[in-house]
Amino acid sequence: MALSREQIAQRVAQELQDGYYVNLGIGIPTLVANYIPEGMEVMLQSENGLLGMGQFPTEDELDADLINAGKQTVTMATGASIFDSAESFAMIRGGHVDLTVLGAFEVDVNGNIASYMIPGKLIKGMGGAMDLVAGADNIIVTMTHASKHGVSKLLSNCTLPLTGKGCIKKVLTDLAFIEIKDGKFHLLERAPGISVDEIVKLTEGELVVTGDIPEMKL
Amino acid sequence: MAGFDKVVSSYEEAMAGLTDNMTVVAGGFGLCGIPENLIAEIKRKGTKGLTLVSNNCGVDDFGLGILLPDRQIKKIIASYVGENAEFERQMMAGELDVELTPQGTLAEKMRAGGAGIPAFFTATGYGTPVAEGKEERQFKGRDYILEESIVGDFAIVKAWKADRYGNLVFRKTARNFNPMAATAGKVTVVEVEEIVEPGELDPDQIHTAGIYVDRLILGNFEKRIEQRTVRKA
Amino acid sequence: MAGFDKVVSSYEEAMAGLTDNMTVVAGGFGLCGIPENLIAEIKRKGTKGLTLVSNNCGVDDFGLGILLPDRQIKKIIASYVGENAEFERQMMAGELDVELTPQGTLAEKMRAGGAGIPAFFTATGYGTPVAEGKEERQFKGRDYILEESIVGDFAIVKAWKADRYGNLVFRKTARNFNPMAATAGKVTVVEVEEIVEPGELDPDQIHTAGIYVDRLILGNFEKRIEQRTVRKA
Amino acid sequence: MALSREQIAQRVAQELQDGYYVNLGIGIPTLVANYIPEGMEVMLQSENGLLGMGQFPTEDELDADLINAGKQTVTMATGASIFDSAESFAMIRGGHVDLTVLGAFEVDVNGNIASYMIPGKLIKGMGGAMDLVAGADNIIVTMTHASKHGVSKLLSNCTLPLTGKGCIKKVLTDLAFIEIKDGKFHLLERAPGISVDEIVKLTEGELVVTGDIPEMKL
């Protein structure tokens, strides 16, 4: 069965390492924070100027001056630090964040990503997404593998305006964990109960399947 | 107090000299750390044809969004402009010019403007619509685009505390774009929650030096929360 | 403490991995705020062929100057290199390669290196020997030159206080180049006068976030004064 | 009689205005701080990261962590602030300092300045001088008008490597206060007891003398 949003987050969380500084985008990526393995320390970077984001505040802790990049009220974790937006993106652009997780509309076999704009619809802007994809070495894109109508989002060439060019190497969809290299998708894992054939069918870009593809462990 | 005393006593005085078609650089992220009373004063003045440089454009009835109904904004340079119906209407109708700029590039453009750096290279936006019309160049095998800096006629800033000399301290994530905005205005106007005497702030802990600040005013703030998320105690 | 604990217990461990011909970015201005024990460890290790990036090169018997007698420095990128007889001898004899860089450009090159900006334009040095071989370009009628950023294999930094996560606070003008240096090393090593537990430093008052710091060590400092100037009480 | 170092500083101090942020170079410029007119507030910027430099410390106040750009121990004035070197030169390069006073070996009629290097002699470096001359709109150069051997330092073309090109508009020497514009020196004031002829004789670059030239008031 296709992974739920929570299960996608759960599988991404397995890629975390102790001592990682991580930036989690809005949506599914945010849920990753709920699945940090026990005994592991991870520090969350919020690009509006906070390293060490904590959980939501209680009513008593609520503070209009303390929000995350999704504009939600948050708290600070022990050892947090605050900085301005130029410094926050110096951190991101300079490659100091260990892992970035963000959503997308489309990715393609060349590591291109489209995630911020659907022409003709309302254009809200890229926020920090272009900086995040350009600055990070280690990025995981989370998305559904195909639209509700069965149209693949893993393409030979992105059709929407790009957020970044040639910067994505790992994609976790509701069906599969995929690596991008040498201009091709490579199937690493499949969601429990999902067959390789189903994944092939819903992947428009060239997909390399080598040997037995293991099921994800959740 | 003469010389370095930046304190003014009215919002009218704070925004004196702002005229039609000027460029205004504003601090704030969403509704957090926005100079809400300085924005209200711009609405009151009715200044038109403004180019605004700000990460966001507020919501319909708060923040920079309140400048929309009277069509005071000609152009906005921002990274994210959702959550605002009138904004959407004006943009779709072609009444409002929107220049979308990646958030980090926007912050760096303000910083560079204040720091006398006319342009810098960044990988952000390479190969995307943001790169259109911009110079591309490789350094050590990686592709970058050239981005130019921004300086405004006015900068409007919200800080937490200040001394009368305009030395500023920000609070939590209300800091965001405010320190860069403060450096990037020909005239920089700052509103704060508390003004203390010079010498009361620890020199090591001042976030923005008074040299950047032209006018300082004590304000009352609503500090509206955009996404109120709480957990049970 | 796992995860983010950056504390190491010996200077040997602090500088482990530094090998011949590497580039080292160092904080400090004159002898103020220099990582004196980390420099002493480099002397002890005997690492050779180093390229140093530092505003100055210490004096004959203190600071980076102590790396001169054993010819450990191949090249130095600095803004001012007086006050050192052995330095002068090696430079005049062509044994030491000196790349003089304006102080502000040097600071900005370190910051840009840490911030992922490969190059920026500045008016500083236009029309001077510093501009030789560099691209020149006009923006809004003014002349600028293109300067490239610097990243070191190691950065050595002196801070005042830190928590175990490597969040740093600097003291007075001992701050100088240290915060930029901290961002510009592939491996950043910091020595401090005091280490506290995470949570003890006010998040609003941290000068350098722990994300930049790889190793942290508690040191004892001589803090030599270069120009002792006093007045009568 | 030619001005003493103190008198040069005294005349420069007359150019100060209340509320000015000022950067004073090493040597004669430093002395300007002693002649700030009574009732006037001026804040001194030291490019190693201090705005609001105070006087030298007493023995009790002496602090190795608090020095000026000349590496001398100093104190902080009321309302001072501390920042890093990148921020200090952002301030300078960005044109936020109201007045910069610095020394030079030579200036010329095109506003070029040479102040940091005499080829063949020891080269110590430019420190912050190139940033200061490139960043400031309002600069006063203080220097002796000619060498001990009577060789002019106000030239048609600087002979030494430049610190900055076309950035100097005002020069105060021991003999005269001179403005640079339209590719010429313009004599504004002469030192008490110094004749226009003496100044003309010791000025190699073209010097415009219009009408009666007043004596400086000290």
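Labels A, B, C and D are assigned to the chains in the order they are written; within every chain, residues are numbered from 1.
Everything below uses one rule, namely that a contact is a pair of C-beta atoms (placed from the backbone, for glycine too) under 8 Å apart; a residue touches a chain by one contact, two chains touch by 3 or more.
Not measured: the values here are computed from a predicted model.
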{"item": "Touching chain A and also chain D, the following chains", "value": "B, C"}
{"item": "Cα-centroid distance, chain B relative to chain D, in whole angstrom", "value": "35"}
{"item": "Distance between chain centroids, defined by C-alpha means - chain B, chain C (Å)", "value": "32"}
{"item": "Between chain B and chain A, distance of the C-alpha-averaged centres to the nearest whole Å", "value": "29"}
{"item": "Junction residues of chain A, two or more chains touched", "value": "76, 82-83, 89-90, 92-93, 135"}
{"item": "Residues within chain B bordering two or more other chains", "value": "108, 111, 115-117, 122-123, 170-172, 175, 203-204"}
{"item": "Chain-level touch network, classified as line, ring, star, complete or other", "value": "other"}
{"item": "Contact pairs between chains, per stated definition", "value": "A-B, A-C, B-C, B-D, C-D"}
{"item": "Residues of chain A defined as touching chain B within the complex", "value": "46-50, 55-60, 62-68, 70-74, 76, 82-86, 88-90, 92-93, 112, 117, 122-131, 134-135, 161-166"}
{"item": "Residues of chain C that touch chain B when the two form their complex", "value": "108, 112, 115-123, 139-140, 142, 144, 148, 169-172, 175, 203-205"}
{"item": "Residues of chain B touching chain D in the complex", "value": "2-4, 111, 113-117, 163, 165, 167, 183, 198-199, 203-204, 206, 209-212"}
{"item": "Residues of chain A that touch chain C when the two form their complex", "value": "18-19, 21, 39-43, 45, 51-52, 76, 78-83, 87, 89-97, 135"}
{"item": "Touching residues on chain C, where the partner in the complex is chain D", "value": "29-33, 55, 78-82, 88, 91-92, 98, 100, 102-108, 110-111, 122-130, 143, 160, 170-180, 207, 223-233"}
